[in-house]
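What follows is chain A paired twice: with chain B in the first complex and chain C in the second.
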Partner chain A sequence: MEFTVGKLDLVRELSLTQGVVEKKSTIPILANILLEAHGDRLTLTATDLELGIRCSCPARVKKEGAGTVPARRLLDYVRLLPEADITIKFLENHWANLTCGRSRTKMAGMSRESFPELPVMPEAVAQIPYKQLSSMISRTVFAISMEESRFTLNGALLVLQDGAITMVSTDGHRLAYIQNVLADGDAHSFRALVPRKAMGEIVKLADEGTADDKVSLAGDDNHLFFKFGERLLITRKLTGNFPDYERVLPKENTHIATLAKLEIRSAIERVAQFADERSKAIRVQFSPGEVRVFSSSVETGESEENVPSEYKGPELEIGFNAQYLLDFLRAISQDQVAFALKDEKSAGELQPASTESINGHYRYVVMPMRI
Partner chain B sequence: MFENFWGNAHVVRALRQMVASGRIPQTLLFAGPEGVGKATLARRFGQALLPHPERIENDDLSTPGRRADLLDREKLPADKRNDDPLLFASHPDFVTFPPDGPLRQLSIPQMRLLKERASFKPDVGSRRIFLIDHIDRANEQAANSLLKTLEEPPDHMNLIMTAENAYDLLPTIRSRSILFSFSPLSNADMRAFAASRSLADTERRIGLSGGCPGIAATLDLAIYDKRRSAMHVLLKVAAGASPFGAWMPFSESIARSKNEKLELYLKLLYELLRDMMVLRTLPHAEIRNGDLRRELSAIAERVSGHWIARAVKQVDEIAELLRRNIQKTIALDNLILELRGF
Partner chain C sequence: MKTIFHVDMDAFFVSVEELFDPSLRGKPVVVGGQYDERGVVSAASYAARKFGVHSAMPLRTAYKMCPLAIFVDGHPERYREYSKRAYTVLQSFSPLVEMASIDEAYLDMTGTERLHGPPLRAAHALHSAMHARTGLNCSVGIATSRLVAKVSSDQAKPNGILWIIPGQEARFLAPLEVRKIPGVGKVTEKNLHELGLRRVGDLAALDEKYLERRFGKWGLALAGKSQGLDAGGWFDTEVGEREDPKSISHEHTFNVDTADVDTLESTLAKLSEMVGRRLREHGLYTRTVQLKLRYSDFTTITRAHSMDRATQIDTDLFEQVRVLFRGNWKAGMTIRLLGVQTSSFEKLQGQMDLLDGGHHDKWREALNAADRLRDKYGESAVSLAAGMKGRFRERTHENPAGLPGKEPRRD
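After this line comes the complex of A and B, so read on.
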C-alpha cells in the first residue's frame, strides 16, 4: 500500500480516533490504527472492542491496500512534521515507511489480519442535527452513575418516538430528562442504552460540524451507529433495565420558585464549602419572596445566603446534595431557573425558566436528603 | 466438538448436551487440580458457542506469549495494575480474567471491570463468555464485589470460573454456580494425550503430572529436578537423616532466586510427602516420584505418620502466609527446625 495525504487532514482524523484506541497493553493490535487506502481516500479505523470509529480523508493512492501502526505514536510523530504532504508506504514486514519533506521514518506495524472487523451500518432510523444531539448529551451525561455500589447503568437512554427524541440518565439519586422535537419527524420508533464513553466521543465528533449537519442514527441487535458525514462511530449497546422514568418525573410539584441562575448558583457554590464533605448536604429554605440556602458542619463552620425569588407557596425546608444542584445549574444556558416542589419528603424538580423561548423540554429531578 | 480433549468425560458430555439443547447455565464453576484442563475446556466450550472461534485459543495462559504478558505485569507497580486491570480478549466476546501481579491475585478493579464489560452486548451473536481463571485467587473483597454480577447476570452473559478446590470459595459464590468437578486423568488417557502432543520423556512426565495434562505438557524437567532435589534434602534434614548444614546451600540458592515462586517448591514438597505417606502404608504401591523410591522409603522409615501429617499442616500454613509476602527462606528454615523437634 502506498498513498500521499495532507498533514493537517491526517492529524485531524487521527486526533478524532484517539479516544477510541485501546490503552490496555494486553491486546496490542487494538493500540494500533488500521489504515486502508482505496480509490481516492484513506480510511482510518480504531476500536477498543466496545467502541469503534472509522474516519476518512482524501488521499492520492498509488497502490491500494491496508496496514496497521500504533495509533498514539503515529499521531505524536505526524503532529511534529511540517505542514506538507506525507507519503506512507507499507513494507512486506508490516512496517510503514513515512516520508515528508526531508523526514524519513520507519514504524513497526502489525498485520491487518488480526484487526477486528467492525460491523456494517444498517439503514438509518433518524437524522439528528449535530448540535441538538451534542447539547442533549451534555445536559444528561453528568447524571450517569459514577459510584461503584449504586445501581450502575453506565449510560443514558435514548428514545425516538412520535417525532420526538428523548434522552434520560440517572444514578438513582437524580434524573436528567431532555426531549426535543425531531425536525424531520420520522415515524421510526427506537430505544437504546448509549454507553457513557460513546456519549463523550459523539460530542467530540459533533463539534467538527456546522449548524446544518445531521447525524444518521442506526442500530442493529447489538450495536448503535452514529454517522457524522464521512465519520462513523459504532458502539456496542448496553444491556440493563432502565428504570421507568415516566413514574419518576413529578406531576404534583405545584409550588414554583423562580430564581436568577447566577445568583443561586454562586450562593450554593459558597455555602457548599461548609457542607459535610461526604454527603455535600445543604438545606434550602423556600419562603414567600426569598430562598435561603445554608449549611453547617461540626468541623468546618456554617454559612448561609438569601436569594430573592417570586415564590408564593408554603414555607418549605428541604435538604439537597449541593453537587447535584450545581451540576444542573452549570449545564443550562438560560438565565432563570425554576424549582418546582411538593413537600419536604418528595423529589424536587428543576427546570430552566426564561423569557426567551426554551428549545426543547429539559427536566431534572433530585431526591431530597434527610438532614 | 471438544476434540483433542482428554479425560473428564462426564463434564464433556454435560457440556455437549448444553450446547445441543442451547440451554447454558449462566454461571459454571469448574473445580479440579491445576493443569487438568478446566480453562482449556472452558475455551473449547466457548468455541462451540461463539461465532468466529479461532482467536479464543490465543488467550491460553500457558502459551509463551501470555506467560510473558503475565511476567511483564509483575514488574508494574500495584497502582499501575489497578489503573489498567488485567484481562485478555483476543476474541471480542470471550473475555479472560487471570490472576495478576507477583502474588497472582484477582483484584477488585478486575472484578469491577468485569461487571462493566459484562453490561455491553455481544459483538456478534447473542452471547458473551467471561472466564475467571482461578477464582480461588480472589481475596474476600474482590469475591464479594462479584456477587452482584452473579446474582443478576445480563441475559447474554455466561460466566465460567475455575478453582482448584470449590470449597476454598465463599459459600455465596459456590451456591450461585453450577459446579463441575474435574478429576485427574487415568494413565491410559495421559498416554493418549502425550502421544498426540508427541512429548519427550513420556513416562517420567506422566508420572510427575499426577494425571494433569497441562502439567505434563509444560513441565520443565531440569528445573523440576533442581527444585525437587532441594525439597528432598529439606525432608532429609527435617527427618534428622542429614545435618542441618546439608540444607544451607539450597536455602541460599532459593534466597538468591528472588523471582522464583516458593509455591512451586511447596507443590513438590506436598508431592514428596504424599509419596512418603504411600510408602509408609503400602511399600510397593505406585508413587509419583518413582525414581526416588529408595531415598523416600529411607526417610519414611525414620518418621511417623503423625510426623508427615504435621509437616503437611505446616506447609499449608506457609502457603497461606505466602499471600502476605513472607520471607521464603526463613519460613523453610523454621519448618525444618520445627520438624526436627526444636
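After this line comes the complex of A and C, so read on.
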C-alpha cells in the first residue's frame, strides 16, 4: 500500500480517533490504528472493543491496501512534521515508511489481519442535528453513575418516540431528563442505553460539524451507530433495564423558588468551600422572598449567603450535595432557574426558567441529604 | 495529678448466675455450656478456679479437672442487664465513666474529693453502693494512671479495694510478674523471659533505648508501662473519651472446614448482620466492605469494595460481601475462616436515594427494631433469613454488642 495525504487532514482525523484507542491494553493490536487506502480516500479505524471509530480523508492512492501502526506514536510524530504532503508506504514486514519533505521515518507496524472487524451499520432509524444531540448529552452526562457495579446506570437512556427525542441519566442520587422535538418525520421508535464513554466521543465529533449537519442513528442487537458525515462511531449498547425514571419525576413539588442563576451559582460555589469535603453537604433554607445557603465543617469553618427569590412557600431547610446542584447550574444557558420543592425528605427539582421561550424540556431531580 | 478508679466486677458471669439461682453460691460453677459440649469456659467461680479451671479453657477439659462442678449455660442478656445496672451505679460517682468491657470500667475521679471525700472513702462508698444496688461484689483499684489502677484492682481481688499512693507506682509494680502488665500477652512474656526479664522491676531498671532497639515502638510503651505510666494504644486516651473505631469486623472459624456454598454464604449473612449491628451501635455508616477468606491450608485473602454511598444496613453489606465472595472463592476449596470488615466511616447517612423507593428507610427502621429486640432477648432473637443456616450460638463475650455507655449517638 502506498498513498499521499495532507498533513492537516491526517492530524485532524488521527486526533478524532485517539479517544477510542485503548491506552492500557493487554491486546497490542488495539493500540494501533488501521489505515486503509482505497479509491481516492484514506480510512482510519480504531477500536477498544467497546467503542470503534472510522474516519476518512482524501488521499492520492498509488497502491491500494491496508496496514496498522501505533496510533499515539503516529499522531505525535505527524504533528511535528511541516505542513506538507506525507507519503506513507507499507513494507513487506508490516513496517510503514513515512516521507515528508526531508523527513524519512520507518515505523514498526503490525499486520492488518489481527485487527478486529467492526460491525456494519444497518439502516438508519433517525436523523438528529449535531448540535441537538451534543447539547442533550452535555446536559445529562454528569449525572451518570461512576459506580461500576451499577452497570445499567453507567450510561444514558436514549428514547425516540412520537416525534420526540429524550435522554435520561441517573446515578441513584439525582436524575437528569431532557426532551426535545425531533424534526425528522421519518424517525422510527427507538430505545437504547448509550455508554458514558461513547457520549464523550459523540460530543467531540459533533463539534466538527455545522448547525445544519445531522447525525444518522442506527442500531443492531448489540451496537449503536452514529454517523457524522464520513465519520462513524460504533459503540456496544449497555444491556440491562434502566430504572423506571418516570416514577421518580416529582409530581407534587408545588413550592417554587425562582432564582437568578449566576447569583445562586456563585453563592453555592463559595459556600461549598466550607462544606465537609467528602459529603459536600450544604444546607439550603427557603423562606418567603429569600433563599439562604450555608455550610459548616468542624475542620474548615462556616459560610453563608442570601439570594433574593420569589418564593411564597413554607419555611424549608434542606440538605443537598453542593456538587449536584452546581453540575446543573453550570450546564444550563438560561439566566433564571426554578427550584421546585415538596419537603425536606423528598426530591427537589431544578429547571431552567427564562423569559425567552425555552427550547425543549429539561428537568433535573436531586435527592436531599440527611444532615 | 489524676485519680483513676478501675472497677472490676468479681467473677461477673458466675455472680449474676448466683443471683438467679442462690443454690450455686460457694460451689464450683462453670459458665459457658454443658460439660460434654464443644466450646469454652466463659467464666469460673472462685471455687472452681481452685481446681485450675479458668476462662477460655475447653469445657471438656474443665470437666476433667473438676468433675463435680456445676455447668451452666451462659445468659448474655442477663449479663447485659446487670452490666447496665452497674454502669448506672458508677455514673452516680463520676460523669467520666468508660466501660472497658462488660464487667469492668474506668472512672476519672479527679477533683471529686469535696463531693466524695478522699479516694479510699469514695471507693468504699462505691463498693457498698454497688453491692446494695446490684447484689454484686466488685474490686476497686485506685491510682494516678489507668494502668496502675487496673493492676491494683487485680491485686485487690476478690471484693477488695487497693489504693496505690501517688509516687509509689514503680515500687508497687516492681515485684509483679511482667505478665501482669496490661498488654503483655504470651508472646511478649516469652520474649521478655528470654532476655531474663521476669519481674516488672527488671523491666523498669532497663534503659528505654535498649527496649526500643529490641521491640521498637512497643518497647518504648513497655518502658513507660513498667514505670506505671499510661502508654501505648488506648491507654493514651482520657477516660470517657470516645474514639470512633477505624474499622469494625467479625470473623467466624468453622468447627469443621467447609466448601458448602449455602453454609458459607449464610455465614457471611450472619457476619454482615453482626457488623451492621455494631455500625448502628456506633452511629457510623461505612463505605468500604472487605471480605476475609482463609482456606484449609491457611492461605488467606482479603478483598475490598468501596461503595458510592455509605450504609449501615445488613443487607447492603451482605450484598457487597457476597459479590466479593463469589468473585474470589476458588469454588470447591474448603474454607476455615470467613470475615467481614468495614471501614471508611461517615457519621451521617448523608445522601438519600432516588431510585429505591424508600426501601433503605424501611430497612433502617426494621433493623432498629431488631436491635431493640436483641438488646432485650439476646443476639439470636432476630436474624436475616439468609443468615439462619449460618447461625452460631452467641458466645458469652466480654465485649458484646450493646455495651452500656456505648449506645449510638442520636445526633
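The rule is short, and it goes like this: the second predicted complex is superposed on the first by the 361 of 371 C-alpha atoms of A that agree within 3 Å, B and C clash if a C-alpha of one lies under 4 Å from a C-alpha of the other, contacts with A are read in each partner's own complex, and residues count from 1 in each chain.
Throughout what follows, a contact is a pair of C-beta atoms (placed from the backbone, for glycine too) under 8 Å apart; a residue touches a chain by one contact, two chains touch by 3 or more.
Just so you know, these numbers come straight off a predicted model, no measurement behind them.
Bringing the complexes onto one copy of chain A puts chain B in a clash with chain C. Contact with chain C, but none with chain B, is seen for A:281 once the two complexes are overlaid on the shared chain. Shared-chain residue A:365: touches chain C; no touch with chain B.
Contact with neither chain B nor chain C is seen for A:229 once the two complexes are overlaid on the shared chain. Of the two partner chains placed by the overlay, neither chain B nor chain C lies in contact with A:250.
Touch criterion met: A:23 reaches chain B, while chain C stays clear of it.
Using the contact criterion defined above for the overlaid structures, shared-chain residue A:170 touches chain C, although it does not reach chain B.
Shared contact residues on chain A (touching chain B in one structure, chain C in the other): none found. Residue ranges on chain C touching chain A, taken from their complex, read 305, 307-309, 323, 346, 348-357.
Every residue of chain A that touches chain C in the complex is listed here, in rising order: 145-147, 149-150, 170-175, 243, 247-248, 278-279, 281, 321, 345, 347, 365, 367-371. Only residues 55, 69, 72, 84, 86-90, 92, 112, 115-117, 119-124, 126, 145, 154-156 of chain B touch chain A when the two sit together in their complex. Against chain B, in their complex, chain A makes its touches with residues 23-27, 49-50, 114, 116, 119, 148, 152-154, 195, 221-223, 236-240.
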